[in-house]
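What follows is a pair of complexes built around chain A, which joins chain B in one and chain C in the other.
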Partner chain A sequence: MLYKYFKKSIALFTFLIIWELLPASGIISKTFLSPPSEVFQALVKLIISGELWIHTSISLQRAFTGFALAVITMIPLGFLMGWYRAFEEISDGLIQAMRQVSSLSLFPVFLLFFGIGEISKIAVIFWGAQWPLLLNTINGVKSVDLLLIKSARSMGSNDISIFRKVILPSSIPSLFIGLRLSATHSILVLVAAEMIGATSGLGYSIKNWEFNFMIPEMYAAIVVLAVLGLITNYSLVWIEKKTVKWKEEI
Partner chain B sequence: MIKVKAEGIIKEFPNKSGGGKSVAIGGIDLDIMDREFFAIVGPSGCGKSTFLEIVAGLIKPTSGSIYIDGARITGPDHNRGIVFQGYALFPWRTVKGNVAYGLEEKGVPVFEIEKICRDYISLVGLSGFENHYPHELSGGMKQRVAIARALAYNPDILLMDEPFAALDAQTREILQTEVLRIWNETKKTVLFVTHNIEEAVFLADRIAVMSGRPGVIKKIIEVQLSRPRHEEQRLRQDFMKLRHDVGMLVREEANVI
Partner chain C sequence: MKNKIKILVAVIVIAIIAVAGCLNDEKSSKNDNKTKENVVTIRYLSSSAVVEPYEFASELGYLKGINISRLGSNTGGPEDIMSVATGSSDVGHSAWVSIINAKVRGAEIKAIAGPMGNSPESWYEGTPYLSKWLVLENSSIRSAKDLKGKKIAVHTLGAHAEYVTREYLSKNNMSKDDVELLVMPRHEEILRQGLVDVVAPVGAQIDKMEAGGEVRVLFTDYDIIGNQTHCGMFMSEKFIKENPEVVRHFVEASAKAADWAKDHPEEAQELAAKIMMAKGGNPEMAKYWKGFGVREHALLLDSDVQFWIDWLVKDGRMNEGQYKPSDFYTNEFNPFFKG
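Here is the complex of A and B:
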């Protein structure tokens, strides 16, 4: 167990050491690349002053609201579209076209409609987060083993029962792929949106600190974002493992 | 007493390419007696599995009817249990959960389900594996679970669609003996579809040989071997002669296709 963690961290530590040495040896100017030791100091300062929490909490709020809205609307919609073929056949063309519309290209449109406030940012995150959820849910429903449906029908299951006891559990693995992609997407869109049109949040801070030449602070914010991404992904993987106990380990 | 009666069963499928339709089953009339072990053999693609699914109520025939105890069927019901070649176990349910499925759908109270599951899991020889998931079981064990699941809600008729085709020869022979034991203990009527002639001869009271395209029953053969059947019978003259005769009938058909 300990050995496993050791193996996993070798590359990470090597990376940190090279990162520390590059600016220290003067190969790369300290003005552009702050060494991890300084980034860490900046991070501690930002934590103590409470500034980091202000930006992180507002960012999390935006990302989570957009993501949650996508989850509650797109998962049910995905089930509907996967289950009723006719519904999907009608809407497929529209969906394929719409999902090609880049989230960020729509941000000015959302700004126009909703102003610079929270709604425009949540809307653009929602837009980016919805597609992986919708498409993976549809895919999960459509890839259910027809033999299982046949088998359930032979044991007297009606449509509702088949949906609840066959379609739903069998689409859960695909659903989790959608959740993870969509969560990653939420953070990505969040940062870009905050850089373009916000006065708070981690995305705004990265741009703002770069602008004011607070380079260690800028790197600290980037690190925080990476850690947030890691935490999100691993918690979803953990929930998936708890939910999908029955799946064969690959 | 007649348990299952098939009357003028015809099944046509629309052709995938272009118009027209192909006839999968071209008129089957058949009586299966109560507690009979009835096998259908035929070359692949002769429509034997389609016929079994019509009896199960999973497919509607183009014309004709199936009667069970004299009543015309309209769909699947709890008087029939079905075992598929591909096991069709729910991977997210344990052995016990799978066996419980039909009972839940039938509306059996929870405290009874527990006991019935235990009995049927024990009947197929899987006691101790109640909480295993299907992916932790071998093919033979999976098919035992599928048999327990199909029997648990106590249907009169067990429909088996090439249940042992995916198993290795040894496991297949063991399960054939097991099926005979279970059939003897539970007193079900069995309709068993297979392309394995030896299997049909070893198991059945009567064997229907089907010819393909369109599928019709060419001949019904009475198996006069003594019961209970034993492994050693496979080596006896009368067994081998019967296997040969049925084999010849099937082979003629295979050549046509």
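Here is the complex of A and C:
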């Protein structure tokens, strides 16, 4: 067990050591690449002053709202599209074209529709977060073993119980891939969305601290973002494990 | 397993050595270039919307033994500072507040001349400005007190536009908490669409917006800070220390070029347009150039810098008396300077 953790952390520690040594040795200017020790100090200072929490909480709110909207709309849509062939055939062209459009390049359009404020930022996050969810849900439904559906039907099950007992459980693994991609994506898009027209948030702070040459603080915010992404990913992995276990028990 | 770890460690060590080696190679070969044939190359970043005094100097043949080489565009002062301080380029220009912030945080740079400013004496028409704060013609905003709760767009925070806005507010007994300062690109679009209430565009963007009509000037930076050289042309302290004679000649040529531009407005405007076009600039924008706006001989004054130090002290970014203007600039390489 211990050895496993040791193995997992080798790369991380090597990375931290190189990061610490590069500015210390003078190969890269310390003014612009703060070593992790200084970043850690800045992080502690930002936590104590409460400033970090202000920015993190507003960022989390935005990311979560965008992600939640994507979950509420795209999972049902995904099931519909996966199940009703005609529905997919009609909408597929539009969706394939839309999903090629980067959410950031649409930012000016969202600004035009929603103005500067929370809604346009959430819209950008929603736009980025919806595709992995939609596509993976469709995939999940389509990958259901046809034999299972046929046998359920031959045993007299109606559509609703087929959906509940067959389609839903077997599409869960793919659904969770979608959830994980979408959740981490909403954090990635968030940062960029906050760099324009914002007055708070982690993305705003990164830009603001960069312009003010508060480089350790800037890296501290970047580290916080990475940690948020990690936590999101691993919590979903954990939930998935619980869910799949429950599924196996029936 | 253990062998694998050993191999991994070995690979990483080799990688570090290789990278360090490459970096060193690059540095030494660069120095070789400098000594060869006694021609020094000074590298810089510059956007196609501005002209630098040394670009004039080069065109006018004032630079002897110095070859200037433009590496590309930059997004603004902070990027220019990072590039010069890390040795990626040799000369840059930026608003004072960024130069001060960077130096306080350890970037070893120093300003040696004025690249652009608000001096009426070298400005061709009307009062000089870098930025104008514009509202729509029919806007209800007529004075500072109308700005309460309004959205003001600037290109960067922590620089010229932010502090001039705050100076304007504080002169009217308001603070930045009374307004919403936002970082936004494309000022013309967002103002005309009504996304923000005030924009603070720079340079030729202003002429373009005013030519488009239906906008009104709320105030200009000249109204607020007066005759200031609001930017510094800087080099890294290392470069200055290693090449004092090169720097002296470079500053002298830049100063002479700025003086020439002041005395020959029409030819200077043509030359500026030519330089901007060569950098891939917009021909519409190039014709709006109105002069460097620097003082005679591109000299700098303590008051140019002190204004920004005062603001940073007010903001708690440094202590009163901790820094003086001469920590950030020097006129000693300017042969016209009579200290």
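In the analysis below, the second predicted complex is superposed on the first by the 245 of 250 C-alpha atoms of A that agree within 3 Å, B and C clash if a C-alpha of one lies under 4 Å from a C-alpha of the other, contacts with A are read in each partner's own complex, and residues count from 1 in each chain.
Keep in mind that, in the parts below, a contact is a pair of C-beta atoms (placed from the backbone, for glycine too) under 8 Å apart; a residue touches a chain by one contact, two chains touch by 3 or more.
Quick caveat: nothing in here was measured; it's all calculated off a predicted structure.
Contacts of A:I27 after superposition: chain C is touched, whereas chain B is not reached. Once the two complexes are overlaid on the shared chain, A:F213 sits against chain C while remaining clear of chain B.
Once the two complexes are laid over each other on the shared chain, residue contacts for A:I196 go to chain C alone; chain B is not touched.
Looking at the shared chain after the overlay, A:R153 reaches chain B, while chain C stays out of its contact range. By the document's definition of touching, neither partner reaches A:Y5: not chain B, not chain C. By the touch criterion defined above, A:I116 lies against chain C but remains apart from chain B after alignment on the C-alpha atoms of chain A. Of the two partners, chain B and chain C, it is C that touches more residues of chain A.
Comparing which residues of chain A touch chain B with which touch chain C, the overlap is empty. Residue ranges on chain C touching chain A, taken from their complex, read 5, 8, 12, 16, 19-20, 23, 78, 81-82, 85-86, 98, 101-102, 104-107, 151, 153, 156-159, 180-186, 189-190, 193, 195-196, 317.
Chain B contributes residues 56-58, 76-78, 80-82, 84, 86, 88, 90-94, 101-102, 105-106, 133-135, 149, 153 to its touches with chain A in the complex.
Those residues of chain A that touch chain C in the complex are listed here as 10, 14, 18, 25, 27-32, 108, 111-112, 115-116, 195-199, 204, 207-208, 210-215. Against chain B, the residues of chain A that register as touching in their complex are 145, 147-148, 150-157, 161, 165-166, 169-170, 172, 244-248.
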